[in-house]
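In what comes next, chain A is part of two complexes: it sits with chain B in the first one and with chain C in the second one.
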Partner chain A sequence: MSKLSIPVRKFDAVIVGAGGSGLRAAIQLSEAGLKTAVLSKVFPTRSHTVAAQGGVSASLGNSEEDHWHWHMYDTVKGSDWLGDQDAIEYMCRKAPEVVVELEHFGMPFDRTDEGKIYQRPFGGHMSNFGEKPVRRACAAADRTGHAMLHALYQRNVRANTQFFVEWMALDLIRDESGQVLGVIALEMETGEVVAFHAKATVFATGGAGRIFYSSTNAFINTGDGLGMAARAGIALEDMEFWQFHPTGVAGAGVLITEGVRGEGGILRNSTNERFMERYAPNAKDLASRDVVSRAMVTEINEGRGCGPNKDFVLLDITHLDPATIMKRLPGIREISIQFAGIDPIKAPIPVVPTCHYQMGGVPTNYKGQVVSDNGTPVRGFYAAGEVACASVHGANRLGTNSLLDLLVFGKASGDTVIEDVRSGELGLKDLPANFADFTMTRLNRLNTQTGGANVNETRLELQRTMQKHCGVFRFKDMLVEGVAKILEIEKAVARTEIKDKSQVWNTARVEALELDNLIEVAKATMVSAEARKESRGAHVRDDAPDTAANPNGRDDVGWHKHTLWHRDGNQLKYKPVIMKPLSVESIALKTRSY
Partner chain B sequence: MEDRQRLNRLRWRCTRRAMLEMDLLLGEFLDRVFPTLTPAQADSFVALADMEDLELWPLVNGSRECADPVQAEVLALLRTVRVK
Partner chain C sequence: MATSTMQFKIYRYDPDKDNAPYMQDISVEVDFALDRKLLDILTRLKAKDDTLSYRRSCREGICGSDAMNINGKNGLACLTEIKDLKQPVVLRPLPGLPVIRDLIVDMSQFFKQYHSIKPYLINEGPRPERERLQTPEEREELNGLYECILCACCSTSCPSFWWNPDKFVGPAGLLNAYRFIADTRDLATNERLDDLEDPYRLFRCHSIMNCVDVCPKGLNPTRAIGKIKEMMVRRAI
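After this line comes the complex of A and B, so read on.
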């Protein structure tokens, strides 16, 4: 008998998260007849996937010649060779299939005159192994994520997936052998805490961009999956790698998609110069995100920023035909008017690099299985989407590869679950006697805390510390200091206090529980970043400069490896990058330049 | 449900949305403008907050017309919110 007993519900599979990856996984499971529960903090079609505007990549070759192998090359290069080449090959080869499947689910893609899926150019997408830009991004106007989520949701309704909406998963349940047996979750409407006991548990909880002060991510992205995994003794992989989007609206953080540059948008400094011509002569404004972000910050640092404080640059589309702007980028025009006070038909938009995407996450293989440090699967545990690290994005994600990641690995994780359940590999194992103790102790601590820390203030301090000490440019002393500061903030998080102790719709409690997750992500990020003494992809250190031996500061001898952060003692381990693809030759290490 | 519980639920639905834009806008509105609304306007705001972001956004920025007069009042107020 459990010491602290709570109600238990039984399923074949429980999926935490109803964004693109969770919904894609759920389709596989429900259509295969597995009894599947999907938990979400919000109604499924309010998940953050809605925010994706730019598109999803696939080498369909509808507008010009393209090939999955070129897509694979771009992804490996984009990842600064930190991506695992087996997973990257798998994703790029599967891309046309999952995109066409999505079309059959009812996704209203933009069309060419001949009725094929319209494809636009996008940062880092090149033909013939890096030769020249290619049109590979498939979009539904600038509402790709929204349209995708609706198509996937409708398909789930048809398949009778059971949704638990406005439920927050709190912790994983693991037994002594390490097998995952489900999650413990809180229903916001009643305050009831329930165990979801399942043969398979899939995490699809999205990213944790809210660890930064300036972020394009909605408030919901608090890294709950990462926090739950870390507390359950699962390592977090490559958490030092965060992509900063080059074009967040200065001030608000709101994102202006790369699609704007795909349609011809140009970045300019205070002298009106198209400065990307100097940094990336071939790809120019369409170079990879970290290259563009670094160029922008360099322009600003060297005094060529715009505005009274010279602290932003300009994204100019005033030379485009207003009809094109209205047709292809209507949402962007609206955002610019509301959050920058500027109509981009008439004047350029002020932009700065802003935290956007988490490359690291819960370590998985290309089948969507969560893996332990030595690569063996953690029984009963799967993950897909932004919470997972497969690792296809390595040190830097290519735009539109994330929506692709959701489709490919959402589907793959579902298929692997089906295989593992059907083969008898996974049964419904008994819950350990004390399965609820850890969570109930956590909740009880929060309910009885007196003289503790304020949740909002502590979160703000965490976010400011991450922004200042671990932003788009990183400095040795700031990182060392950052680690000490985050460990100090961790102590405050351990003694947060809420005044409201009620059960029904206690949002103060939920926000305190979200903060418990943010701190795990912040520690993993800061500690991993401090330790990695090179520059690679999105992790750029001032003390790892561009030299002949280490171009762009990348040190392959010392650092061509994945970081594994463990919560216990903030211990770091490392594992090799998988350089062997599934069927083609390895893409050998090379300097990354555009 | 008590008023406080109802308000908490509304806060969750205003600040855990799909898009950062809407978190910022509705969160700001809830704190600054919502307490001053008439009961009819308040009900109308709750209905607006229940919409999906990409349905609501065209109403907020005026690219889609709103037929309901009370809702039009609330949308006009929402448009006055400026996010720093």
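After this line comes the complex of A and C, so read on.
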């Protein structure tokens, strides 16, 4: 044994993260009787799923005719054809089942007059293969994520799930064959470092929206799973695709749900014009998010922004019945009063596109298994939710598909783990002798660093660089420069210094370790974005404009493929998009318009 | 926009190096154009002194992490407007729970009480193929209950919870108990009432209403507790 040995605890499965996907996976494993540990940096109901607002999609057809196949078509189109069609079919077909299940767990959905789950329209969700908006988003007022996360946690209380609350996972354990054998984690209260040795490891660590300066994301969304995977030699897929949500509160970044537009809200510029009519004549304000965000930035860039600096647009619901606002959008009213200082019943809300969601992530298949570059599963390793790239969101995610993703792939990954553990496919393999060395060396370096870089300043520099060089519109020269800057910041991250040396609840240490993860995500994003010489979904470059040969700047001949970024040497590889669904016909490439 | 200096007094304690807790005086340059909420100030302070410890996550009042005692009243730092605060602003950990470090308390007792009320839907009947039906009116009964974020502002402002944290469920737990009692889909109302019909678990509530006063989500645990008591009376007759 190495002298850097640490305590080891053994489990059938360890789940890292207790947001929607982690809790959904945990329900499967706990109810099946597997010995499972769920690790979370925060108490489960504080995970960022709690902040989701508008709804979870499922073609229940409670208010009008709907079909999973239409949902599938919208998701493929929303992804700008970069989503894998097997995974998309799987998700859309499973949607009604997992949403009804959630209702059975106790989720307090709003109701229709017949007592069924209430559904509202949402961006990009249409009936009959793109004809007109359809009510597909199942909602609990504008607190769907909160209601869902609590219902999932409550179901886990019922199932006696074993939680390790306020534990931060630091690194994956892999053996020489590449099999994943668990994680090493830090208990925040005591500073103790422990190995969680498991047959199966499920990553449900969420996204890394905090790589951008202006983000709807919580402080905790630092891409810990992505950092751990990258350091362990796992590729990160399609990291150039980041969703900028059209409606973050100007200045504060706090999210205002698309459900506001679903309930009839309208975006206006400084001339009071409903400008989305020009950009998306059919879907208007309910076009998909990348389209709306670009339209907003174009309005602002062309001088039609509002306010003294003409740097935001307005989201107007003053024409709605105040009773509807109080019933369907109470949380939004609260947020507007708190963070914009206005009551949306009386005045429109100032909004700007704000970083919101990472479409890319750890490559997985639709069973929740993490896959290597050639598509074969990495033994013992699973992932679900925002950390994973199945890929159901491709180049742009539709609103409400993230909560669905959590449920479907949280459950699927749980089921696959159960199968693999029960079939004897996965045993508890011995840990390699030096398994803790890498992590303990990292911690030691951080504890003893002198004359190093300030964590807060380094993180701010990273966030500002990402914001400036890799935003809603991207420019060739800025991307090239951005790569150089991020690689420079990486050097500072390698020598961060903290003044706090306490073993007890050392948040300075946690933030430094989070920065180690943010930098991996920033590199993956910048390098992948610089390399992709086309415009697709949320990735739009000045040197890939709209032409007859490449409508919207999309180059299917050159770039209809997934990016795979490897930490080692910032190497890029590519793999084909899966165009073959599980049972229906392929949805062929087509120019995207709304 | 105006910048000015604000005075703070903050409870500090690191068991790794301090023999006893102490109050630290700090003054901060505040830019009212950028800093609106108390959490913005804490973020500034932490950038200067990374040893200052507190919990935070969503910064929009939905995750419930950054509850603390602000000028003697419990609240969320991310929802507390700084310009309204009397100076020096006194920040302490939530009262009545053991302090781990600085503004971070051990919440085990609070969650133990929450878990004790079986905070999950109990309905062991056969699972229907589709959703269980509930009228909009029945669903409205859950408003003002399901929005609880488990921040503990209420329970840690309740004298009855301070004296009997191990026996009294506390306002947060009782609000959640009523959330399930009020749910037409839950079939365990009687068992839930039985469990609470106890001199301590429910009846330590003396309607002091501190919980209502501090709830950052505007919820009313006292009313929920009143409804539980009403149901107990009604089923007794």
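What we mean here is this: the second predicted complex is superposed on the first by the 594 of 594 C-alpha atoms of A that agree within 3 Å, B and C clash if a C-alpha of one lies under 4 Å from a C-alpha of the other, contacts with A are read in each partner's own complex, and residues count from 1 in each chain.
What we mean here is this: contacts are C-beta pairs under 8 Å (C-beta built on N, C-alpha and C of every residue); 3 or more make two chains touch, one makes a residue touch a chain.
Values in this document were obtained by computation on a predicted structure and should not be read as measured data.
Partners chain B and chain C clash in the overlay (superposition on chain A). When the two complexes are overlaid on their common chain A, residue A:Thr507 makes contact with chain B and with chain C alike. When the shared chain is aligned, no partner comes close enough to touch A:His125: not chain B, not chain C.
Once the two structures are superposed, chain B and chain C can be ranked by residues of chain A touched, with C on top.
By the touch criterion defined above, A:Lys116 lies against chain C but remains apart from chain B after alignment on the C-alpha atoms of chain A. In the superposition on chain A, A:His104 makes contact with chain C only, not with chain B.
By the touch criterion stated above, A:Ile337 is placed in contact with chain B alone, chain C being left untouched. Once the two complexes are overlaid on the shared chain, A:Arg379 sits clear of chain B and of chain C alike. When the two complexes are superposed via chain A, 98-106 is the only one of 98-106, 116-124, 134-142 or 224-232 in chain C with C-alpha atoms clashing against chain B.
Residues common to the contacts of chain A with chain B and with chain C across the two structures: 42, 45-48, 50-51, 143, 146, 189, 218-220, 252, 254-255, 331, 334-335, 338-339, 502, 504-507. Looking at the complex, you find that chain C touches chain A at residues 14-17, 36, 46-47, 49-51, 53-65, 79, 100-102, 104, 107, 111, 115, 118-121, 123, 127, 129-136, 138-139, 142, 146-147, 149-150, 180, 183, 185-186.
The touching residues of chain A, when paired with chain C in their complex, are 42-43, 45-48, 50-51, 60, 100, 103-106, 108-117, 140, 143, 146-147, 150-151, 154-155, 157-158, 189, 218-220, 252, 254-255, 331, 334-335, 338-339, 455-457, 498-500, 502-508, 511.
Across the complex, chain B is touched by residues 41-42, 45-51, 143, 146, 166, 188-189, 215-220, 251-255, 330-331, 334-335, 337-339, 502, 504-507, 510 of chain A.
By the touch criterion stated above, chain B contacts chain A in their complex at residues 1-2, 5-6, 8-9, 11-13, 15-25, 27, 52-54, 57-58, 60-61, 63, 83-84.
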